[in-house]
Amino acid sequence: MPEPIRKTTDVEVRYVETDQMGVVHHSVYLVWFELARTGLCEESGHHYADIEKLGFNLVVTGTKTRHLAAAVYGDTVQVDCWLEGLSSRVLRFGYRVRKGDRELASGATEHVWVDRSSGRPCRTPDVLRVPFERLAGKERTACI
Amino acid sequence: MPEPIRKTTDVEVRYVETDQMGVVHHSVYLVWFELARTGLCEESGHHYADIEKLGFNLVVTGTKTRHLAAAVYGDTVQVDCWLEGLSSRVLRFGYRVRKGDRELASGATEHVWVDRSSGRPCRTPDVLRVPFERLAGKERTACI
Amino acid sequence: MPEPIRKTTDVEVRYVETDQMGVVHHSVYLVWFELARTGLCEESGHHYADIEKLGFNLVVTGTKTRHLAAAVYGDTVQVDCWLEGLSSRVLRFGYRVRKGDRELASGATEHVWVDRSSGRPCRTPDVLRVPFERLAGKERTACI
Amino acid sequence: MPEPIRKTTDVEVRYVETDQMGVVHHSVYLVWFELARTGLCEESGHHYADIEKLGFNLVVTGTKTRHLAAAVYGDTVQVDCWLEGLSSRVLRFGYRVRKGDRELASGATEHVWVDRSSGRPCRTPDVLRVPFERLAGKERTACI
């Protein structure tokens, strides 16, 4: 079975992202996840900014982070992102934050599609179904 | 001449607001200013959230901060806010951040009214003119 | 068995905490959790700022959030925090974000104690063991 | 007279940096300035992280921003930074935020050197004097 597409985004630690412990604050990882998710979505051929213009939001319903080691100011880290689950209504993205080979953190976020006009959850917009299945590494059976 | 109304907002320093210097990051003061500005606007009888619902934004066109001493985690600081300038199109708010009697920082922000439907600058919305003049401490001459 | 102590912290939504979806960004909930955790720790008789001065950090090793409904600018929300797990080395805090009776989000964070001088994980500092067990609602057996 | 060295840093707008007005929040510009300042300092041959390890902080004493047009999610902007003033104790950096040829914002920050061991302002550390004068574009007169 094909693997999901992995997209890696380099992130330079910002001074403001540190706290008085001298390391990057744990809440910042959700921000880096989002930046990496933007990068992955772009691989679908649709920048997330354009997806919103199509009339849909990807609303966050849950997040999870696990922290193994700290990132510090001066670091540039790599954030891997992939679409690890995709149903007709729910998406789950996975993340890994590394400094080279050393894993600093991992995590996941869950999302639902929301129709911006109604404000209600909806199925994967038609125009995005194939591109997102491709991100998720789902086999496409040819129509005969 | 009447003084502008001063509104003081207590702010508890958040851990995330510190940086690795061990003090509150300078960008946070703009966030505190905004919180205090929300508090002052409420004194006009219109929460800023409601002002946006009326169809207007108060868009920031400039900011200034001056830092005398650091706020640290564990502090609760006072942020004074007042409307120090008001013309038909431009507002200027002043701020002082104190820990009791000790001034930590001061600053100012400038804003213009923007009509949300057109996205263009506009005059003070009619419904807000009198309330904001009162905030600014402007004398109201009676109409004869 | 005694229940853990619950501490509720009121949080006024800040404009900067919203994003272009018009709601509070999901990463902000971790910041609110932290603010509520500070409030709960204070109930132990030791402000977290003082705990760091004693030579210890409570380092975050994991976080989890679940989002049911959005908070918006203009809201003041209540964040409940309690110590839902406590072993000799690991603490787990639970959180609920409410607007009155309506639950908006929930979550948890896991932490280990770290000795600031060595930078290594350590057991609950002696001076904090009893206060934190009290927070966790653990029965204290009298010494005979 | 030689010009100060200008360093340009590309910044991709993060979703979290937007607010409910649909544009990047004004406080974010100070964060971008800082990122660009880090990039400029690196041109001196000393990453700012290393400068702190040498025992010095560059503490912010004032900031100024001017906003002409909004940055939005989906944009990548350019932040130019240069050292526009340098005396024995005070540094002033200038900034311009552009989207290609279109200026979005400008600003300045003022800083003093602080000796980390004493916590007090100090003169430019000897090891940094020449590199920072070079950044500022100051002629070096040969000692006779």
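By written order: A, B, C and D. Residues from 1 in each chain.
Just so we're on the same page, a residue touches a chain if its C-beta (ideal position, glycine included) is under 8 Å from a C-beta of that chain, and two chains touch if they have at least 3 such contacts.
The structure displayed is predicted, hence computed values, not measured ones.
Visitor: Determine which of the two chain pairs, A-C or C-D, is joined by the larger number of C-beta pairs in contact.
Guide: More contacting C-beta pairs are found at A-C.
Visitor: Let me check something: if the centre of a chain is the mean of its CA atoms, which chain is farthest from chain B?
Guide: Result for the farthest chain: A.
Visitor: Counting in whole Å, what is the centre-to-centre distance of chain A and chain D, each centre being its mean C-alpha position?
Guide: Chain centroid spacing, chain A to chain D, equals 30 Å.
Visitor: Could you grab the centroid distance between chain A and chain C? Build each centroid from C-alpha atoms only and quote it in angstrom.
Guide: 26
Visitor: Taking each chain's centre as the mean of its CA atoms, how far is chain C from chain D in angstrom?
Guide: Comparing mean C-alpha positions, chain D is 35 Å from chain C.
Visitor: Multi-chain contacts only, two chains or more: what residues does chain A have there?
Guide: Expected reply: 15-16, 20-21, 27, 31, 34, 73.
Visitor: Indicate which of the five shapes (line, ring, star, complete, other) describes how the chains touch one another.
Guide: Topology of touching chains reads as complete, every chain touching all others.
Visitor: Which of the residues in chain C end up touching chain B in this complex?
Guide: 12, 14-16, 31, 34-35, 38, 47-50, 72-74
Visitor: In the complex of these two chains, what residues of chain D are touching chain C?
Guide: Listed in rising order, the residues are 15-16, 18-23, 25, 27, 73.
Visitor: Okay, in this complex, where on chain A does chain C touch?
Guide: Residues of chain A touching chain C: 20-21, 26-28, 30-31, 34, 52, 57, 59-67, 109.
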